[in-house]
C-alpha cells in the first residue's frame, strides 16, 4: 500500500517535470520567462534551506553565491564551452565557500546573520573595484543559448536543488544539521562533528546558486555587479523560504509559487508595493507562523489524523 | 604618511566618530536591555534626516532645532514598536527562545517596509539642502559651519547621554538589566518600563543623529544601512553595555574610516567598513575595549 | 582502568575551579561525585567530555589520552554526558532526538532505519516510546530528564556521565529513574559517573563516592565510609554555617 502510493507519487512528480520540460517547445517567450524566474527562485530557496533551514545559520546574504557564480562565469565567457562554464562556476564557488566557510561559520547565531549580509556587500564592493580597474562598468554577454534552453537548464537546477533538500532532510547528514540548529553544543556532545557538517552544508548551499547566477547572466545579457549582488535577491529568497516553510523540500515550493505570482503582478509597475507586501509577509510569518505554510499544514494534518483515529 | 597628521582629516574623523558614537549608543541600549538586534537601526537615521529635510523645506527651520522634533518622533516610533510588537514578544517564552534570530528577521522586514514607504512618498532620488555652508577657519582646519555645528552638538549630546545613563537612577536600572536580566526583576526593577524607555531613548537619539547627518550627506531612502553596520561594529568593539567603550569605539571607527579612505582611495570606503565589520566578528567577537562578551 | 584522572587542575582566569584531582574508575563501576554547589563537579564533567581545556594534568580513557580532543571525538570514543539543565533538541521529535545520538556518538550508525529502530528500543527502556513522535519541546521536566538519558544512551557509551538527572523529580520519579539507570546499565554494559544532590540516591547507586569541596578532592571511598568521614562532615557542616 505504502509502496504503491510512493511509486505513484514518483510517477506524478516525473510527469509534472516532463510537462514543464515539454512546454519549452511551444510556450510563449513570456510564459518561458515566468517559468525561468519560478525555477530560478526554487533552486535558490531550496539551496538556502540546506544551510539556513537545516542548520539555523540564517543567511541574509545568499546572493553572494549567485553573484560570485555570475562573475566567475562572465570572466570565463568565450574561453570555455557555455555549459562547462556553468558547471565550473558552481565548482569554483563551492571551493571558495569551503575556504571562507571555516572562519565565517565560527560566528554563531545572530552574528552569523549580520555577518552573512556584510559578506555579500563586501564581495560586491570588491568586484566593483576590480571591474573599475579593468575599465568594465558592465559586461555584455553576446551569443547566449536561447531562452528555451536556459529554461530547461534552470528546470534541471530547480529539480536538482529540490531533490538535494529532500535527500538531506532524510539523511544522516541532515539529522546532524538539524541537531546543530536546535542546540549546537548538545549536538557536539552526542558526537556530531559540527564544524565539518556546517562547512559541507555551507558549500552545498552555494553550488547551485552559483550555477543559477551563471544562467541568469545569459538571460539578462549583461553583468553588472549592482544587479548580480542585489540584496533584494537575498531578501526574496529568505522570505520565500520562511513563508513556505524551511524544514523540508515542499515548503520552498509553496513559498516560491506564491511570491513569483505576486512578483509577476506587481514588480513591473509597483515595485515598492511588492517590497512592502514582502516585508509585511516576512514579519507576519516570523511572528505568527514561524514554521511556514508547509509546517503549519503538516502540523494540522497530523493533528486531524490523530483526532480521526 | 604626512596625511595622518593632517588636522583637517582629524576634524573629519572626529565628526564621523561622534556621529557613530551617538548612533551606536541607541543600538547599545536596545540590544543590551532586550537582546533585540535592530538591523533597521540605520533607517531611524534616515527617518531623522527626512524629518529635518521636510522641516527645513516647509518652515525654513534648521536641523539644530528640528533635531529635537526628530528625536521626539523617532522616540514615539520606539514606543509604538514596543507596544505593538515587542511587549508581547518579550513575554512569549516560545518566541523568546529564538528571539535574537527572530528579531533580526523582524527588523529586516520592518526595514524593507520603511524604506519602500519612504520611496513611495519621496521617490528614491537624492535630496538635500543648504545650511550654514559658509566656511569657518579654526587654525589650519577649514570646516563648513554645518560640520562644526554637528561636531559640537554631537559631542555634547553623546557625552551628556553617556553621563546620564551612567549616573541617573534610570541608567542604573538599565545597566542592571544589561548585566543580568533575571536578577534585575528580582531586585525590584520594573523590567517592562526600562525596556520601553530604552527603546524610546535609543530610537530618539538615533533620529536626532539623523537630523544632524542631513546636512552632511545626500538624503536617500537607503542611506541608513551603512550606519547600521557601523553601529554594530562600534558596539562589538566597545563591548556590550559599555557606554564609554562605545563612545571611544565610535571615535576609533571614525578615525579608521576617514584615514583608511585617505590612504587607499574613496572607492575602498565600503570595503573598509565591511572588512572591519567582518574581521571584528570573526577575530574579536569579545571586543577590543569591552568587558562584556557580546557573541556567544 | 576505564578512566584515569591524573592530577588535573582547571582555572578560569585567576580563579581555580578544580585543583589536583586524581582518581580512576574501573570498568562497570558506578562512581558518585558529591559536593556543594560551585564545588566544581560540573566543571569536572566538562573537562572529561572535552568542553573545557585542562590547565594541568591528563585524562586517559582505556589507556588513551583524551584531553585535548574535541567533544565529538570524545563522544565517538564512548563518553556520553547528560546536562543538569536539560538540552533537548526542542524542534525535533523525541525519536529524532534519540536517533541523532545513534547516528553519531560511538555507534556511528549509517542507516537511518537502524538508527530509528535503536532509538525506539532505548525509548522503550526509559519509558518514553509512546511519546516518540511528539515534538521534544512538549515533554514535562521528568520527560526531559528521560530524554536526556536516552540521547546519551543512544550514542553507545562505555562511560556515562550523569549530571543531576534526578534534580527536581518527585521521590517516586527518583525511584523510577534509579531503576531505569540500573536496568540499562545491566543491558548495555557501561560505566557510570554520577553527580547527584539527592543523597539517598547516591548512597544507593554508587560503589564509591568522590567528595569535592572548593575545587579540591577531600575524600574518596565506599558510601558508608564517606558518611562517617571527618573531613566530609566538617566540610558539610562548615558549608551550612
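Going by the order they are written in, the chains are A, B and C; count residues from 1 in each one.
In the analysis below, a contact is a pair of C-beta atoms (placed from the backbone, for glycine too) under 8 Å apart; a residue touches a chain by one contact, two chains touch by 3 or more.
Since we're looking at a predicted model, the values are computed, not measured.
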Exercise for the section: If every chain is a node and every touching pair an edge, decide which shape results: line, ring, star, complete or other. Expected result: line
Problem - A-C compared against A-B, more contacting pairs - result: A-B
Exercise for the section: Work out the mean Cα position per chain and let me know which chain is farthest from chain B. Expected result: C
Practice task
For chain B and chain C, let me know how many angstrom lie between their CA-based centres, rounded off.
Solution key: 47
Fill in the blank from the handout: Whole-Å distance, C-alpha centre of chain A to that of chain C, is 42
Completion exercise
CA centroids of chain A and chain B: separation to the nearest Å works out as 33
Fill in the blank from the handout: Multi-chain touching residues of chain C, meaning two or more other chains, are 90
Practice task
In the complex, go through chain A and note every residue touching chain B.
Solution key: 56, 58, 60, 103-104, 106-111, 113-115, 117-119, 121-122, 125-126, 128-129, 132, 235, 238-239, 242, 272-273, 275-276, 278-283, 286-287, 290
Exercise for the section: Using the touch definition up top, name the residues of chain A that touch chain C in the complex. Expected result: 170-172, 175-176, 178-179, 181-183, 185-194
Exercise for the section: State the interface residues of chain B toward chain A in the complex, per the touch definition above. Expected result: 37, 39, 85, 89, 95, 98, 100-106, 108-113, 115-117, 119-120, 229, 232, 267-268, 270-271, 274-275, 277-278, 281-282, 285, 294-296
Fill in the blank from the handout: Touching chain A in the complex, chain C uses residues 49, 51, 70-72, 75-76, 80-81, 83, 87-92, 96, 99-101, 103-106, 108-110, 112, 115, 151-152, 154-155
